Amino acid sequence: MKLYKYASPAMFYPVAGKMIPWFAIPAALLFAVGLYVGFFVAPTDFQQGDAYRIMFIHVPAAWMGMFLYVLMAIYAGIGWAFNARLSSMMASAIAVTGAMFTLLSLVTGAFWGKPTWGTWWAWDARMTSTLILLFLYAGFIALQAAIDDPRRADRAGAVLAIVGVINVPIIYFSVQWWNTLHQGATIRLLGKPSIAAPMLTALLIMLAACWLYSVAIVLVRLRCIILEREQNASRLAEVNA
Amino acid sequence: MLRWIVWRDLILAWRRRSDILSTVFFFVIVVSLFPLGIGPETQLLRSIAPGVVWVAALLASMLSLGRLFANDYQDGTLEQLLLTPQPLFLVVLGKVLAHWIIAELPLVLIAPLVGVQFDLSKQTLWVLFVSLLLGTPILSLIGSVGAGLTLGLRGGGVLISILILPLYVPALIFGAGAVEATIIGVTPAPNLYLLGAFAVVSLLFAPWAASAALRISLE
Amino acid sequence: MRGDRRLFRGLDLSLSPGTYVQLTGPNGSGKTSLLRILCRLLEPAEGEIRWEGANIRSLGEDYFTAVTYLGHRPGVKDELSALENLTIANAVNGVEVDTENASGALQTMGLAGRERLPARFLSEGQRRRVALARLLVSNTRLWLLDEVLTSLDKRAVGLVRSLIEEHLNRGGIAIVATHQELELSAGVTKRLELTT
Amino acid sequence: MLRWIVWRDLILAWRRRSDILSTVFFFVIVVSLFPLGIGPETQLLRSIAPGVVWVAALLASMLSLGRLFANDYQDGTLEQLLLTPQPLFLVVLGKVLAHWIIAELPLVLIAPLVGVQFDLSKQTLWVLFVSLLLGTPILSLIGSVGAGLTLGLRGGGVLISILILPLYVPALIFGAGAVEATIIGVTPAPNLYLLGAFAVVSLLFAPWAASAALRISLE
Amino acid sequence: MRGDRRLFRGLDLSLSPGTYVQLTGPNGSGKTSLLRILCRLLEPAEGEIRWEGANIRSLGEDYFTAVTYLGHRPGVKDELSALENLTIANAVNGVEVDTENASGALQTMGLAGRERLPARFLSEGQRRRVALARLLVSNTRLWLLDEVLTSLDKRAVGLVRSLIEEHLNRGGIAIVATHQELELSAGVTKRLELTT
């Protein structure tokens, strides 16, 4: 089983090294194209002027933040169930990237909100659930950081991620429901305006770029984690020899 | 044997009655801090009362959860509990049940009294009581997972809170929502049903996750 | 128990009833880890442990009806009296011991007159004796004792020795991790020395 | 030698950076829970913001205080600190100073960001920042007394809170009062002066009381 | 130290330089309490302790420049390396030790190659060795050591013996609470047996 062979961290390390450019370079290219289309080709919005262009970062970031959480939970779960170290490391690597995208969508959302709504923040359902998602990432990362033994950290993280993933839909809907109960939202998100074709193109390109970037950065981070753990292990082995 | 685990924890709690009192006091103090920090307008206070009481309950239960397994862990009893001839999730369930009786039930009972400070109506107090009665088991159940995961870690107190507070959000929304609904004259029923459903989901998953967490922490 | 192997030490061992295993070795050589693997608190990295022919993982909770493990920490609750500690610990294990038997066991352990004192008023050595009293009332066949002589004075060490001898005579197995020697007059003694 | 104690605690905290982050996240999470419990109306939220932020700061600092002496106590380092040839209150002062840098300063820095969530004006955010900068040393100082008294006691987490939360009340009233004043357009100066005075009083008495508490706890 | 009395035991003792006191007695007989009284962590219920003629209470913090106490718990921080543990513990005591001396002391204690490893990766015995290294770099005259041999293997026990012997030869005083015997070839050995 060739695949099985690559599931060992030590074997995967060089493979990951080779894979990184294949994702990083297209990511860079697509970012360049996407930003160009988004900022220069796409027409100015008749309501919001140019402020809406922040969407090209905001929306992919928000999507990535949510997808990556699920992906992280899946990897962590596989790592736990099958004792696959590489999979667990993958989960740890994804967590930071996911948290970063979530934070990015919060920040860009806030910068978008200021010109359009006149406020940095409102307790809108989507914003709130994104914020909670960030907290969930933070919990996962903090838990893993607090545990010295990497194997134990992996498994504890897996339990938390799985519990979190079961909860995410519940949280999402409860927040949705919470906000609409009190008031018809004073300000709605853009809704679904018929987006101009260049806008949609730019959005999709940016989304693809974010995906490629995520893969590349996760691989980089994975390599760091592998290296760090091997070093720790060999340092201990050396001393105990 | 489940019976004995609950019984054991109740005896232990009774020997340390002051802990129970401390949790109740903490709850009361946190709730009372708000009028101090916010100012005395009755109207304002009444409209924030459900949120404040519920958040205080969350925090109080979270603080007491730090002790759910910690004492047993420190003196080696938890290892022994893992080695009893019965499924681990029953042990967890027993301890969670005891924790609810010890740490949450008193809050539920005292909450209407605290609500009076905020000038809530009789009916609202009643809904507050019911919402807490339905909601606090969720806190104990989900909290047990966090308590299991953070066992033996430094900085456990803060860590457990950032793990479980986000997971408490639905309970908070439905619970406080039910009370809020009563205040503005709407029926609290849907909120209470949702709260009950969430409690059932927690009951199904939490003991299982908590026993997994315990095994991991004790390795 | 029939066979056990351990990755970084290559350990293979099978024990018959009436065997006493003295587990020695310098600090950090893995004594505690081995005992914890034997009672399933730890997973072995490789290899398996069999009890009466069956892998202990497949035995599930039933395995624990045959095993008593006493670890570094005595597992005695400060708030409970010696007597309550003993009876409740057993009840949770599914073995209900009546008060008479329990206080008999405590008396044997030299705690006469202190059975009803909360354990926090006991000295470290006396607390360990409370934990050891569990060996007297349990009817498990495999004893896993970790550093069981810590903070015991000479009288108590003698008590432990005779406890283990009786256990071996009844056909039990005892695996004891210790820095101090324990000369037994009964059963088969095996010495297992771990190295770092 | 004071220098070395502060330095030691800072190194230790740096080695466990995640604890610092956890405290900050706890603060942010608690603040965010209130809107979830109370509802999203901007007007209402703005008027309770000072109270909420200050109460959250109180709770966050209280949680982190549990660790002020506990880790050193558990591994026996605290005994050794008591046996150093220098007055004990200097040791306490060093540890409190380190605690403030590690656990309170990050809250002070993040608070304005949190305030943005409640749609506070720029000037209000500024006053919030200053009030916390003046007020958080009080929390560390008074908290050290509670931490010393509850050292090694079970249920320390809850116990410490009921000991010191009442003592925090003046800080809360002046601190939240200053922000409140700014919101309604009055000068916050008197409140801030009072807060400063209270800080000085704490600085004079708390280290002394905390060292007495430590001696008692270690007997 | 000139005189010490203890309410429930009536203890009166004066020690001259170069004396080794071996404190024995069954569990709970008061060994730890006595040592803690001697380093002012506990107040004696009655009686007083004098150091060079002066009551130690009146000596204030100066007394601590003459005393090193090692208790049940080693006082080693998990997050710091062995080296940092040693240097910082001394710096806090007002004795700044340079890295060279410190790692020399750690090497003597058999920790060569592990000086820079965070202490949490050390085994229990090695952590105690880090604590003992403080005895090597300190220049205090009175050593109060509580159960200092706990969890040490034989090599380490030999090290501790020679450490104490050197200390006595330099005119120091050592009071050691222990269940195990420690045969010294230097200094005056006094045995003090406490009873329950």
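Letters are used for the chains, namely A, B, C, D and E, taken in the order the chains are written, and counting of residues starts over at 1 for each.
Criterion: a residue touches a chain if its C-beta (ideal position, glycine included) is under 8 Å from a C-beta of that chain, and two chains touch if they have at least 3 such contacts.
Just so you know, these numbers come straight off a predicted model, no measurement behind them.
Trainee: Measuring centre to centre, with centres taken as mean CA positions, what chain is farthest from chain D?
Mentor: C
Trainee: Let me check something: if the centre of a chain is the mean of its CA atoms, which chain is farthest from chain A?
Mentor: Using the mean of the C-alpha atoms as each chain's centre, the farthest one from chain A is E.
Trainee: Considering D-E alongside A-D, which chain pair is linked by more C-beta pairs in contact?
Mentor: D-E
Trainee: Measuring centre to centre with CA averages, how many angstrom lie between chain B and chain C?
Mentor: Centre separation, chain B to chain C: 37 Å.
Trainee: Report, in whole Å, the distance between the mean C-alpha point of chain B and the mean C-alpha point of chain D.
Mentor: Once rounded, the distance between the two centres reads 25 Å.
Trainee: Averaging over Cα atoms per chain, report the distance between chain C and chain D in Å.
Mentor: 46
Trainee: Hey, what residues on chain C touch two or more of the other chains?
Mentor: Each of 28 in chain C touches at least two other chains.
Trainee: When you check chain A against every other chain, which residues touch at least two of them?
Mentor: Each of 132, 135, 138-139, 142, 146, 175, 178, 182 in chain A touches at least two other chains.
Trainee: Taking each residue of chain D in turn, which ones touch at least two of the other chains?
Mentor: 16, 18-19, 22, 25, 29, 36, 39
Trainee: For chain C, which residues are in contact with chain B within the complex?
Mentor: 39-43, 61-65, 67, 69, 71-80, 84, 88-89, 91-94, 118
Trainee: What part of chain A is in contact with chain D in the complex they form?
Mentor: 110, 119-124, 128, 131-132, 135, 138-139, 141-142, 145-146, 175, 178-179, 182-183
Trainee: Show me the residue ranges of chain D that touch chain B in the complex, using the header's touch definition.
Mentor: Against chain B, the touching part of chain D is residues 16, 18-19, 22-23, 25-26, 29-30, 33-34, 36-39, 44, 47-48, 50-52, 54-55, 58-60, 63-64, 66-67, 71, 154-155, 157-159, 161-162, 165-166, 169, 172-173, 176, 180.
Trainee: Within their complex, state which residues of chain B touch chain A.
Mentor: Touch residues, chain B against chain A: 142, 145, 149-150, 153-155, 159, 162-163, 165-167, 169-170, 173-174, 177, 180-181, 194, 198, 201, 205-206, 209, 212-213, 216-217, 219.
Trainee: Which residues of chain A touch chain B once you look at their complex with the stated criterion?
Mentor: 132, 135-136, 138-139, 142-143, 146-147, 149, 151-152, 155-156, 159-160, 162-164, 166-167, 170-171, 174-175, 177-178, 181-182
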